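What follows are several structures.
Both complexes shown next keep subunit A, but they swap its partner, so subunit B is in the first and subunit C is in the second.
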Partner chain A sequence: MVKQQSVSQMKARLSELRKTNQRQSELVLELAEAIQSGQGARSLAAAFSDEAERWDVLEQVARAAMDCGRARPTRGEEESLAATLVKQLAARFPESNRVKLLQGELFEAQGDWAGATQLYDELLTETPNHAAATKRKAVIFKSRGDIPKAISVLAAYVQQAMADYEAWVELSELYLSRGDFQRAAFCFEELILSNPLSPVYHIRYAETLYTMGSLENLQLARKHYANACKIQPDDARSLLGLYMTCSALNSEKFIKQRTPINEELEAFAVSRLKQLYSKQASAPQLECLNETFSKMALTTSS
Partner chain B sequence: MAPAAIPLLLDTSIRDWVLIPIVIVMFLLGIVRHHITELLKSDRIDDKAAKAALDGQGLLRARVLRANGRFLSPLAFQMRKNFFTQADGGDDSKKGWLMQERPKPANPMGDPSQMMGMLKNNMSFVIPQMLIMGWINYFFSGFIATRVPFPLTVRFKMMLQRGIELPTLDASWVSSLSWYFLAVFGVRGLHTLVLGEGNAADQSMNMQQMAGMGMTPNPTVDMNQVFKAERENLDLCVHEYALANIERALLDTASVSATSTTSKLKQH
Partner chain C sequence: MLTRVAFVLGALLLFNAAYSTVQYRNFLKMAEKDQSGLPIDIVLQTLAAMVLATWAIVEYTAPFKNIHGSNERVRYDAVDNRPIFYSFQHRGALLFKKQ
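Moving on to the complex of A and B:
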C-alpha cells in the first residue's frame, strides 16, 4: 500500500498523522523508511530538505521506533533507530526540554528506569510543573509495578492541574487496580463533568458504584446506567449493568426500599437485551442466554 | 513658464552610491536584527507563567462544574462546590480553592527583570535605527536620489522630499532621506520572503509593540478578580439534578419507540 505512493504523498500522510496526533507507529515507521529509500537519502534527516519539517519528523519517527521495538539495536544495527534519531535531535537542540523528554522516553523504552527518572527529575527542577515529565514519572512507577507510588504522584499532579482529564482517566484505572472504589468513583465523577454526553464514563462510574454495593450506591448506579442506556440505546454493556443493578435492588436485602419502577426497569432491560441478542445470536445461544437470566433471577431473589 | 519643464539630470554615481546602498543596508540590517532577537529571546517558561496556567486549569474545572454539575448527585456536586467556595477555616489550606489569596500581579514597570527584558528587546531596534538615521543624515542629506516615473501632486512633496525645501521642484523627485523611509517599509516584503512569516526584522510590528508597551496578556490580570467572579457564579449556580427522573424518562422513550414501531407495522 505504501509502496505505490509518491514521496510527496507519503510526506503529506506523515504530516497528517503528526498533526492529528495519531499513534499509528508501524505505519509511521513504514512511511519513513519508504521516504528515505524513495529519495535515496543516506539518513532520514537528509530526506527532508525543509528545516522546520525535518526535526518534527525525526521526533515523530523516534517515538514510533520506540513503540515498534526499535529502541534497542536489532538486525545487526550498530545503534538502534530510535537512539540515532534522538542523538541527532539532541545535537541540534542541546537545551531543549522537548528533546530531553524524548530522551527520557528512550531510556524507558530501553528499560533504563533509573536514567529516565533522573532525567525527568532534572527537567522538573528546571521547569517546575512540567506536566509531561510528571506524568512520565507516574508511568515509570506503574511499569515497575509500584502502583501506590504512581497513584501518589498522579494524585498530587491532578490537585495542581485539575483540568487534565487524561490524568484523571489514568488515576481512575490505578485506583480500580488497587480496589479503591471510593476514589475511583471520584475520578469518574470528574470525567462525567468533563464530558457528560459520553456514555462510557457513566457506565464505568455505575460499574464502580455497583461494585461498592450499598443501597445509595446501587440507586445511583441505576441512574447512571439508565442515562447511558438513554444516550446509547442498543448498548449491551449498559443494559446488562442496568439489569444487574435492578436485580440487586430487588433482592431480599433491600426488600423495604423496593419500588415498582425498579421491577419495570429490570423487565425493560431483560426484554431489550433479548431483543438485541435475537438479532445476532443463534438459537442455542439464545437458549443459553434465557437460562442464564432465569438462573440469575433465582440467585438474586433467594 | 512652467518650472517642471526644466530637465534635471542625476549623476549615475548617485544611483550606485546612494540609492542601492541604502536599500542593501536596510535589508541587511533587518536580517541582522532578526538574528539578534533570536539570540536574545528567552524561551524559558518561568515559574509564574506555569502557576498561572495551573490557576487557569482550576478555573476551567470550576466552570465545567457549573456547566455540567447537574449530571452528578447532589452530594457529589455539593462536595465539589465546597472545595471551591468554602468560606470557613482560618488557615488558607482549609479555605475553598477559589477563596485563597493569589499573589497580586506585579506592575511590569516595577519589575526590574521584566524591564530588562523589554529594554533588551527594544535596544536591538532602537540603536541601529539611530545609527542609520545618523549615517543618512551625515552623508546624504539634502540631495535628490531618484524620481518616481509618474507625475505626482504637490501634496506628495511632504512625503517624498524630506530634507529638501525647494518649492519649485516637481513632486516626483525623491530625496535621499525620503528614500530611506521608503526603504524601511519597502524591504518588509523581502524579509518575509527570506526569513519567513512573523520574523523579527519587521519594523512596523515593533512600532505597534512600542505603542502598547508591555502588552504581554496574562501576567497583568489580577487572578483574585477572576476568582471572585467565578466564585460568585458558582454560588449562584443552583443544582438541578439532571438524572432525578432518568429511569422514568428511559422507560417513556422506550415505550414511545415501541408504540411507534408497532404502529409502523400496522401500517404495512
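Moving on to the complex of A and C:
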C-alpha cells in the first residue's frame, strides 16, 4: 500500500498522522523508510528539505521506532534507528527539554530504568514543576508493572495540576486496570466537569457505573448514556450502552423499582441501532443483529 | 462574493447615514431651529444598513459550529492516544521485529 504512493503523498500522510494524533507506529516506520529510499537520501533527515517539518518527523519516527523494537540495534546495525534519530535531534537542539524527554523515553525503551529516572530527576531539579518528567516517572512504574506506585505518583500530580485532563484519563485507566471502579469513576467525574460537552467521558463514566452495577449506579449510568446520545447522536457505543443499562434495570432483580422509561429508552436505543446498522451492514449481518437483539431481550426479560 | 458586496454596501450605507445626520444637524444650526430627532428616511436607512451588514458578516463567517459540542465524530483511538504516557514495554518490539 505504501509503495504505490509518491513521496509527497507519503509526507502528507506522515503529517496527517501527527496532526490527528494516531499511534500507528508500524505505518510511520514504513512511510519513513519509503520516503528515504524514494528520495535516495543517505539519512532520513536529508530527505526533508523543509527545516520545520524535518525535526517534527525525526521525533515522530524516533518514537515509532521505540514502539517497533528499534530502540536496540537490530541485526546489521551499529546503532539502533531510534538512538540515531535522538542523537541527531540532540545535536541540533542541545538545550531542548523536549529532546531530553525523548532521550529519557529512549532509555525507557531500552530498559535502562536507572538512566531514565536519573534524567527525569535532573529535569525536575532544574524545573521543579516539569509536568512531563513527572508523568514519565509514573510511566516507568507502569512499564515495570508497579501499578500502585504509578498511581501514587500520578495521584500526587493531579492534586497539583487538576486541569491536566490527560493525567486524569491515565489515572482512571490505571485504576480500571486494578479493578478499582470507585476511584476510576471519580476521575471520570472530574473529566466530565472539565469538559462537559465531550461525549467520551460521559460514556466512560457510564460504562464504569454499569460495571459496578447497583441500582443507583445503573440509574446514573442511564443518565450519562442518555446525555452522550444527546451530545453525539447515532453513536453506536453510547446507544448500545443505553440499551444494556436499560435492559439491566428492566431485569427481575430490580422488579420493584421498574419504571416505564426503561422500556421506552430500550426500544429507542434498539430502533436507532438497527437504523444505524441498516445503512452500513449487509443483509446477513443485519439478520444476525436482529437475532442477537431478540435473544438479549429474552434473557433479560425472563 | 455576494456577502462581501453586501457587507461593503451595508457599511457604505451606514457611513452615508452618519454623514447625512451631520449634514442635517449643521442645517438645523444654520437655520437656527431648535428641533431634536432625525428625519425618518435617515433612521430607516441606518436600520436597513445595520441589518444588511449584520446579515452579510454572519453569512460570511458561516458555517457555525454546533453549540452543543463538536460536529465531528469522536475517534476513540485518537482520544485514547496520549503520547506523554507511552509505555514501550509491549509486544511491539517482538511483533514488528525487522526480519
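The criterion applied here is as follows: the second predicted complex is superposed on the first by the 191 of 302 C-alpha atoms of A that agree within 3 Å, B and C clash if a C-alpha of one lies under 4 Å from a C-alpha of the other, contacts with A are read in each partner's own complex, and residues count from 1 in each chain.
FYI, a contact is a pair of C-beta atoms (placed from the backbone, for glycine too) under 8 Å apart; a residue touches a chain by one contact, two chains touch by 3 or more.
Just so you know, these numbers come straight off a predicted model, no measurement behind them.
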{"item": "Which superposed partner A:Asp235 touches (first subunit B, second subunit C, both, neither)", "value": "second"}
{"item": "Partner chain in contact with A:Asn129 - subunit B first, subunit C second, else both or neither", "value": "first"}
{"item": "First (subunit B), second (subunit C), both or neither touched by A:Ile192", "value": "first"}
{"item": "Partner contacting more residues of subunit A (subunit B vs subunit C)", "value": "C"}
{"item": "Which of subunit B and subunit C A:Lys142 touches, first, second, both or neither", "value": "second"}
{"item": "Contacts of A:Arg98 with subunit B and subunit C, given as first, second, both or neither", "value": "neither"}
{"item": "First, second, both or neither for A:Val169, with subunit B first and subunit C second", "value": "second"}
{"item": "Contacts of A:Lys253 with subunit B and subunit C, given as first, second, both or neither", "value": "neither"}
{"item": "Touched partner set for A:Lys295, first subunit B, second subunit C, both or neither", "value": "neither"}
{"item": "Subunit C-contacting residues of subunit A that also contact subunit B", "value": "230"}
{"item": "Touching residues (chain side subunit C, partner subunit A) in the complex", "value": "68-70, 73-90, 92-98"}
{"item": "Residues of subunit B that touch subunit A when the two form their complex", "value": "44-45, 47, 50-51, 53-54, 57-58, 60-61, 64-65, 68-69, 71-73, 76, 242-243, 246-251, 253-254, 257"}
{"item": "Touching residues (chain side subunit A, partner subunit B) in the complex", "value": "127-129, 160-164, 189, 192-194, 196, 220, 222-224, 226-227, 229-230, 233, 261, 264-265, 268, 272"}
{"item": "Subunit A - residues contacting subunit C, complex", "value": "20-23, 25-26, 29, 63, 66-71, 74-75, 105, 108-109, 111, 132, 135-136, 138-139, 142-144, 166, 169-170, 197-200, 230-232, 235, 237"}
